[in-house]
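The data blocks that follow each hold one structure.
In the two complexes below, chain A is the common chain; its partner is chain B in one and chain C in the other.
And then the complex of A and B:
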């Protein structure tokens, strides 16, 4: 009996009637239908058995059976499988117990469906708005199918987010929505006692533009990867790959081996550039601009390499459902190896010259401390988790693309602070270079794209996890009838990491705020699911609303 | 410790020297496969509309103003230069050029439009078999299209016979405004 069956049996023995059905279309996936009122007990049991909370997915099924579904997903990293707990509540009264009191990482997922689908979660500790704007009408739930994708409700005045109560004796320092320490618009209210941070409230999703809704109502399967790629300006290929893999899993579409290798290659190139970018930004945030200049200089080689491979510095546009669009020719292969050798040499120089720098140590060691237990509780992912001694990496734990055939180490340190995340990322750069070399050496010959001969069947579920540079991205797809997904859920790695920021900030100095937030490599736009807008410097000028409307839309 | 790492840092900075490019006075040549502004060859285009169906940004619009004339518009102001149109074009009428300095103060500069004379198919009026075997790609192919070019609106509905009523209905398409305005 393998461990997937063991988990199923343990749940069936304990809850009996609470489990109404199960399916296992792949040996690595277990779908369990459960009764909504038992979701809290069953989720707790899954976590006790070794599950790590991934994401919650709400979907509107009212037109078919009158229900709204909520799926909680858990990854079993040691045994390589994912468990879905699929609960449904009637659309007329969508109330179900909250699992957040025991699994804090689920807090945002539940708040999200409170906003988007009108669900209610009993016992949620912080049932505030998360996704929709403060002036969005309370009775319109945008992810419900009857709401058109382009609806524009009227704006309301005099509504504002109610911040959490400030602890006694503390003052509030607002950071954002526009602030030099943040590269994207988000609002942190930091409660400080003198210089020490005593708490923090977060109001984000200011750039939420409803990409999921757009893709569920307008475009077709093969257009979504290009939109998915624009969710994030740094790890675009990750989202396109994750989406395509989810559709391929749901539709049972085979992917040629060569395409899988090319996907892995793109993901590793992306990791290289992203880690160098982070290193630069982190240096910049603590005022160490030499690192910023030098790591970005090295990174430029990778950007130019991507331009030669894919035709663009970023937004590679390579991945579509069933394979990739462009092949790697032998000439390009040699080019890649040459660039890798150069980058490796340069990174070694940077590595040696900064690891001994005492200024860097003083700014990062012991800063943003979060214990391993806390980190597991908040289900942190990526380098942020690996810096806290949690040995997870979905490339190894849930292998996808070509990773099952490649050898690599997963660097883990247990300093539990910002310094750890820096070390982990530096070491991962070397691993990525080694992976790229293996991929070029082992890449098999053959097709790069599967041509589909049949329509993708509807109402199949697919989930894929992909290790982005900053953690794992989870994409969940329910296939639809009109050549497009019926439901597509994206969970970017910043989503769980950002939830733990208040815990990381606790009892640190306010001056360390930028680097602590920076240490998770936050990508607010991924979290809000829109494209990244780069910040360009310029003279200050306040623009009127009509001016802004004019530059974005023109006179229509 | 502090001093040695500072010395190492100085060496790290001195060795590569100045790397800033002298742009815009000297342009770096673009690579062979660069995805710049797309170029339409009106002599090769057969008006099948494959590009319009695959454009993720809905940049290419098609309006059949009568049975014989099809108007195609490329609105470069919202193009993402993914190059999907060039991929799917069965006649290779679209190529991704090496042009990338496209900033302009008039968005009309970025547009391209074509009016194509369409022959009527004896069997069905209008059909395309583009040797395209991919099911996802095939699903959107047939029929007449009525996108509103003035409003730059992609109308998803297609018909298999030319439908003057539909044409009239889509002529005054309006973008959604705020409820109550």
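And then the complex of A and C:
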């Protein structure tokens, strides 16, 4: 009996009638239907059995059976499988128990569906608005199917997010909505006593683009990857790959081996790019602009290489459902190796000077401390988790693309601070370079794309996890009719990591705020991916698409 | 005739301070593999700021602060024996006057920041205050090491004490300490804590714009040049020729070298946190006190 069956059996033995059904379409995926009122107990048991909370997916099924569903997903990293707990509640009264009190990482997932689907989670410790704008009407739930994708309700005046109460004797320092240290709009209210941080409240989701809704209602399967790529300016291929894999899994579409290698290649190039970019930003955040400029100079080689391979410096537009769009020619292969050699050499110099710089140690060691236990509790991912001694990496734990055929180490350190994340990222640069060399050497010949000839059957579930540079991205797809997904849920790695930021900030100095937030390599807009475009205020003029195009082409 | 020296002082400082800032920016750019702005960029910056709109907080202190800061540093410059020439004003003041006037410059930054009532400015002001309190003693001790030697607090006799009586262990120690405190004196990395763009967005100056901000900027540049020239005058007086114009040129070259040092240290260090900086300053103060002690015993 393998461990997937063991988990199922353990749950059946313990909860009996609480488990109403199960399916395991792949040896690595287990779907369990459960009774909504037992979701908290069953989730706790799954965590006890070794599950790590990934994400919650709410979906509107009212048209079919009158229910709204909430799927909590858990990864079993040692045994390479993912468990889905599917609970459904009637659309007329969508109330279910909250699992957040025991699993804090689920806090945002539940708040999200409170906003978007009108669900209620009993016992949620902070049931505030998360996703929709403050002036969004309280009785319109945008992810419900009856709400059109382009609905624009009238803007309201005098509505504002109510911040958490400030601890006694502290003053509030606003960081954002625009702040030099953070390159995207978001608002942290930091409660400080002198220079010491005593708390923090976060209000983000300010750049709602309505991507999920758009893709569920307007475009077709193979147009989504290009929109998915635009979720993030840095890990675009990650999202395109994760989405494509989820559809391929749901629809049983085979992918040619060569395409899988090319996908891995793109993901590793993206990781190299992202880590060098992060290193520069981190240097800038602690006022060390020389690190910033030098690592971005090295990064420029990668940008050049990306353009050589894909025609674009960023946002490659390579990955689609069924494979990739361009092949790697032998000439380009040589260029890749040349750039790798150059980058490796330069990164070694940077690595050496950083590890020898005591001033830099002073600013990063012991800063943003979060213990391993806390990190597990918050379901941290990526380098942020690996800097806290948590040995996870979905490239190894839930292999996809060509990773099962490649050798690499997963650097893990246990300093539990910002310094650790820096070390992990630096070491991962070398691993990525080694992976790219292996890929070029091992890449098999053959096709690069399976054309979608047959219709993808509807109401199939697919989940895919891809290790982005900042941690794993989770994409969940429920296939639909009309050649597009019925539900597509994206969870970028910043989503869990950002939730733990208040815990990391506690009792640190305000001067360390930028680098602590920077240490998770935050990507606020990735997190802000959901919902209908909102109008900022009634007074402002809305620009038409043609006007924006006009301006973006350099005109005034 | 002595009055002419004062005018020369002011003209040279006003003319060269932005140039040296430009050198720092260019050098920093080179260290960072950048092309960098033209060396005369700081002049453009000041001219541009002077022509911009002046947004003010409705508060007399807010408008007074930049003027006071500029006036304070200009007054300091009047007393400086540039080109090894004591001028007309030097005899009416002593080193305590210089320390007071420099402190006044710091106080006016505080005044401006506090009157703007901006959260970030408040934070910057408190950092500025801590820096002022901790760094000022090192400057004072620099003068006192000389003052003890020549048994006078007079500006020229104190500043020229090394030139006239030679190096001693106390002077060598003080010289090292001065260099260690230099980045803090001039407010450059790793001690640009009060401004810290990435944390508190230029702190005390966040609400300033246009001509007011230009005055602050200019005062900061003049202050930096003062500290660099003080180092040259006190600790490396051995290139004295006796020809006034030639001495000024030599001193300016030496000041440029001090700026090179400032740029290199600034480009190769991250910013420290205020708590880390305070510990560093505390060590400097203790060592500076012992330098004065050594000087008392004539070591």
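One rule holds for everything that comes next: the second predicted complex is superposed on the first by the 529 of 556 C-alpha atoms of A that agree within 3 Å, B and C clash if a C-alpha of one lies under 4 Å from a C-alpha of the other, contacts with A are read in each partner's own complex, and residues count from 1 in each chain.
To be clear about the criterion, a residue touches a chain if its C-beta (ideal position, glycine included) is under 8 Å from a C-beta of that chain, and two chains touch if they have at least 3 such contacts.
Keep in mind that this is a model prediction, so the values were computed, not measured.
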{"item": "Touched partner set for A:221, first chain B, second chain C, both or neither", "value": "first"}
{"item": "Chain B versus chain C as contact partner of A:308, first or second or both or neither", "value": "first"}
{"item": "First (chain B), second (chain C), both or neither touched by A:150", "value": "first"}
{"item": "Partner chain(s) touched by A:254 [first = chain B, second = chain C, both, neither]", "value": "neither"}
{"item": "Touching partner for A:90 - first (chain B), second (chain C), both, neither", "value": "neither"}
{"item": "Partner touching more residues of chain A, whether chain B or chain C", "value": "B"}
{"item": "First, second, both or neither for A:451, with chain B first and chain C second", "value": "first"}
{"item": "Touched partner set for A:289, first chain B, second chain C, both or neither", "value": "second"}
{"item": "Contacts of A:123 with chain B and chain C, given as first, second, both or neither", "value": "neither"}
{"item": "Touching partner for A:66 - first (chain B), second (chain C), both, neither", "value": "neither"}
{"item": "Chain C-contacting residues of chain A that also contact chain B", "value": "290, 293-294, 297, 357, 359"}
{"item": "Residue numbers on chain B that touch chain A, as the complex places them", "value": "1-2, 4-6, 8-9, 11-13, 15-16, 19, 30-35, 53-57, 80-84, 87, 96, 107, 133-137, 139-140, 151, 156, 175-181"}
{"item": "Residues of chain C that touch chain A when the two form their complex", "value": "28, 31-34, 119-120, 123, 126, 189-190, 192-193, 196-201, 267-276"}
{"item": "Residue ranges of chain A in contact with chain B within the complex", "value": "148, 150-155, 218-224, 226-227, 230, 290, 293-294, 297, 300, 304, 307-312, 315, 317, 321-322, 325-326, 349-350, 352-359, 451-456, 483, 554, 556"}
{"item": "Contacting residues of chain A [partner chain C, same complex]", "value": "171-174, 179-181, 194-195, 283-294, 297, 357, 359-360, 362-363, 509-514"}
